[in-house]
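Following are the structures in question.
Both of the next two complexes hold chain A, though its partner changes from chain B to chain C.
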Partner chain A sequence: MNRKVYFLGGSIAILGLLGLLLYGVFYASNPKSIPSALIDKKASAFTVTTFDGKTISLEEFKGKPVILNFWASWCVACRKEAHIIEAAHQKYTPQGAVFIGIAINDTREDSLKFIRRYGKSYKLAPDDKVGNISLNYGITAVPETFFIDKEGIIRYKTLGAVTADSMEEFLENQLRS
Partner chain B sequence: MKKLIFLGLLLFLSTAFSGLQADELDDQVRQIAHKLRCPTCQGLSVKESEAGLADNMKAKIRSLLEEGKTEEEILQFFVDRYGEWILRSPQMKGFNLLLWLAPGTLIFLTCLILFFKMRQKSITTLKPEAINPLNEEELAQIEKELQNLNRN
Partner chain C sequence: MIVDIGYYALLAAITMTLYGILAGTAGILKNNGNLIQSSRYAVLSTFSLVAVSYFVLTYAFITDDFSVDFVAGHSSTDLPLFYKITGVWGGMEGSLLLWEFILSLYIAIIAFRYHKSNKAILPYALIVLNLISFFILFMLIGWSNPLARLIPTPLEGQGLNPLLQNLGMVIHPPLLYLGFVGVAVPYAFAMGSLLRGKIDNEWALVTRRWTLVAWLFLTAGMGMGGQWAYVELGWGGYWAWDPVENSSLMPWLTATAFLHSVIVQEKRDSLKIWNMLLVTATFVLTILGTFITRSGVLNSVHAFAKSPIGPAFLIFIALILTFSLGLLFIRQDMLASKKQEAGLISRENSFLLNNVLFVGMAFTVLYGTLFPLLAEGLADKKLSIQAPFFNSIMAPLAILTIFLMGTTQFLGWKRTSRKMLAKNMLIPSTTGILFMIAGAMTLDVPWQFIFLAGMGYFAGYQVLMELIRAVRGGKKSKGQATQNEEQKQKRIKSLLRNRRKQGSAIIHLGVLVFLVGILGNYFGHESSFTFYPGDEKTVGDYTVQFEKLEESKARNADLVTVKLNIFKEGQHITTLNPAKAFYPTSTQPMTEVSIYRTLKEDLYTSVATINNDGSATINVYINPMVNFIWVSSFFFIVGTLLCLSYKSPQLKSGAKALKQEA
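This part shows the complex of A and B:
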């Protein structure tokens, strides 16, 4: 009797541990990737003053797809993606898309140098001193890019240099629908 | 003169009080920052990290405390934006409960099984047939020692 109970208990414990192992390997999130809690949620509203002195808010772009990029002049991957975003802006802004770049933890002088060096011409603004916008978007590092749909919902986020393909796929989809 | 002394004392007390309040706020910021994972650095808390983003998080914690938010509300603020991984200790709810309770339960169950196993063994070893009865020589020795004790 006792042997049967121990065997049953042991089997349940081993099966439980195996179940946890399988869950961890196949279903739990990848420990190397940082999940975003904001996907499919409404994009946090913000109002900023751009480097050229205009006040813009996310709310005013409702009805248009928005590419919201967080960058900094000291970030190497931001250099890699600078011309990619600028090219996408040149192509899709006339079709109704909006490109916004928020500089974080950067000095105004360095940001302006970076803008001039890479010929960035879309809406560019610094985050405030506390970094309220970046914290509201759960930024973990720069660059990070959020794809916000016409309803103001965050549909996708990239960590690291954004690719032309990902922006093209998202914007083509949004602008055609 | 008296007025001057009074004003000086007032100034001293208000400075000391504001200093104490600032210290308390700093402690609260550190305490909350210690519970948050630094998103840009591996294995460090926001408190330990000197990365720009961690500094922003500390400043945000301070401003939320100044707004009158509780520690729980501030931690939730970061969980809402970063997800639960931002917490250095998983919350005690849902699937996480298993993580919190499993090790203790396993240790408790193991101890319980070991306890019953050992008890069962000691009972078995004390069974009458397992005890060797004393031989005549031993009995005589005991009797002799008892008599010696009675004489004394």
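This part shows the complex of A and C:
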């Protein structure tokens, strides 16, 4: 009798533990994502000159979803996501999406080497000397990626290498509506 | 081409494992010795096949075969050969292959080492081990395939994380895996004996030895990990209560509990269900640890990304728990312990309390580790649990544990005579209390320090006395000044015969050495400052002079070194060279620390930043007694080896002797 109670108690505790782990795997938020005050706020405007000499500003892409990525040639995770962003760019830019990569804390030479090495072909620009763009976006580490909707509002932000799935989900949604 | 051979070898290995399970089961059901024999040989072929696959992956690393996704992600052409070989366990998929490699090696050893001495249990234990192996292989051929191809093939790999390019990190994972995987063996024997349905203490003997082996590797692995964190991460410490560190500590704690409580089973024939539970818990905790490390549900420095392997491991954990507890529930009557009276102050109760404490510590660590999930699930709050939580709960538990360490060996089974107790406790406890009072009056430290130090003194006295008594041999008879030759030999013989006991005393001594290292933390000192070449700063007894910045090339990295001259009492004692290492084109700068080590304290320096104006910001830590932490490992290793070298007479002559004895 007594022992049955112990086993029952143990089983309940174990079910609780498994439930918690289940929750962790499927429902809990990514432990690496840090809540940002910028979500659901208007993306701060900027104008930059790309590495190939064109001037672009965020304003001109109003009406298109924008993936805004902050990267640097010295960052490990940026190498990991380089192919992923390039592949997404190849697929979604023809459908009307915009990909912008801002290099921060980097020398022009290293950035260019990185771009060549990974065959990046979307809109790539260095931040200005002071790093105003990254300051306005509250960048704490590279890479960070902002998902900006057609109205120019930041909908989502990731820290660390961005995944193909997250971009796909966001862009499919935006481009369909 | 070669890569495909590796993958096919994995496919063949999983087939052989499946065959082993089926042949073993059929052999048991039909009582057919040939089938059981055949399942034993299947295990051998599984091991060879996994070995082939392991060496294929190593070959792919050495030949820079970036068509293999895992190699492209964890190596590059400029990586030194040594790190290419060790890069195999530099990531999730490869380390799982190493895991399976070790597991299949263990299974092969078991199948041939115990087929005579543990004939009855072995077939059952092999089935359990094969089931575990089957699961890992299933992961390897699917969701966590280390030989998966990458198309198109890149010209250059992403490189091995520079943090892993360190000798400590090369040794740490295999040691830890040897320990983690080793825990599966005791579990298999425990479950095997339950499956068999006839239980004697045979399983406990094998289990105890293998738990010792696993414990040794776990201890050494954690020590190595701490050493790595200390010299590589540059924050001046070695343990951060990180979820992944915790997941290696939890099975260590329950294994330690088991190693103590199994003595009670051996001597007093009780605590049998409890021991089964401990073995199961230890095994489940290793799998849970793997789950925590690989599923990415908790934030950790040991960054593995969130991966599909998480749910699979969760199912595995659920299956193990259901299987083990269900089996235990069905078989509980077989584990009935003899009702035995034991007085309040007895060795039995001391061991019991010891177990409560160790399990309590394991639970604390588990609770703290999973609390962020709990907080988010129940209260939708994001938070993390840091060192203060763990320290505040672990310290009192540790104080009690160390007290027991100094007490238990002087307690008798069943009951303890007051005379004995008074004789052995009087001196150490009175001087211990005086020591604590003196400490509390003179030192400005928290109460935990006073108690830890006091208990450490008390236990140290007892353990040393025990060792001295053992070396001296029994009491000399009165009036006899010297011992003759015969007595001397007797003494040596008894010393050898009792080496299991002396081994544990040495391990306990190691715990105390370790404790000294921890207590040193209370006197630690850290500071951080920015200065220019030529500047001097004073830190504790040391004067740190910034000589110059130096750029150099080393291995596959560019170094910017801050040259520091260290003075103590006006004397130039050493030059330290903390640096930032830049790994070409690939990675963020790494911190290379530089340490001036003495037994009393370490002067530990690391570079925070090198600024554009030629100044440098450095962190300086003074870590008193920290080397005791590393020294304690030697005690653990020597002590455990002594324990292992002793074979109980039962184990030597196998099951037969055991039956005769019964």
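Going forward, the second predicted complex is superposed on the first by the 144 of 177 C-alpha atoms of A that agree within 3 Å, B and C clash if a C-alpha of one lies under 4 Å from a C-alpha of the other, contacts with A are read in each partner's own complex, and residues count from 1 in each chain.
Methods note: a contact is a pair of C-beta atoms (placed from the backbone, for glycine too) under 8 Å apart; a residue touches a chain by one contact, two chains touch by 3 or more.
Values in this document were obtained by computation on a predicted structure and should not be read as measured data.
Contact comparison for chain A: of chain B and chain C, C touches the greater number of residues. In the superposition on chain A, contact of A:134 is made with chain B only, not with chain C.
In the superposition on chain A, A:73 contacts chain C only, with no contact to chain B. Legend: residue contacts after superposition of the two complexes on their common chain; A:38 is shown touching chain B, with no touch to chain C.
By the touch criterion defined above, A:117 reaches chain C but does not reach chain B. With both structures placed on the common chain, the touch criterion links A:7 to chain C but leaves chain B unconnected.
Contact with neither chain B nor chain C is seen for A:107 once the two complexes are overlaid on the shared chain.
When the shared chain is aligned, chain C comes close enough to touch A:22, but chain B does not. In the three-chain superposition model, chain A touches both chain B and chain C at residues 35.
Those residues of chain C that touch chain A in the shared complex are 73, 156, 158-159, 161, 288, 291, 295-299, 305-306, 310-311, 314, 317-318, 321, 325, 329, 332, 370, 372-374, 376-377, 382, 582, 585-589. Partner chain B is touched in their complex by these residues of chain A: 6, 13, 34-38, 104-105, 129-132, 134-141.
Within the complex formed with chain A, the residues of chain B that make contact are 39-40, 52-53, 55-57, 59-60, 63, 79-85, 106, 113. Looking at the complex, you find that chain A touches chain C at residues 3, 7, 10-11, 14, 17-18, 20-32, 35, 73-76, 79-80, 110, 113-114, 117, 161.
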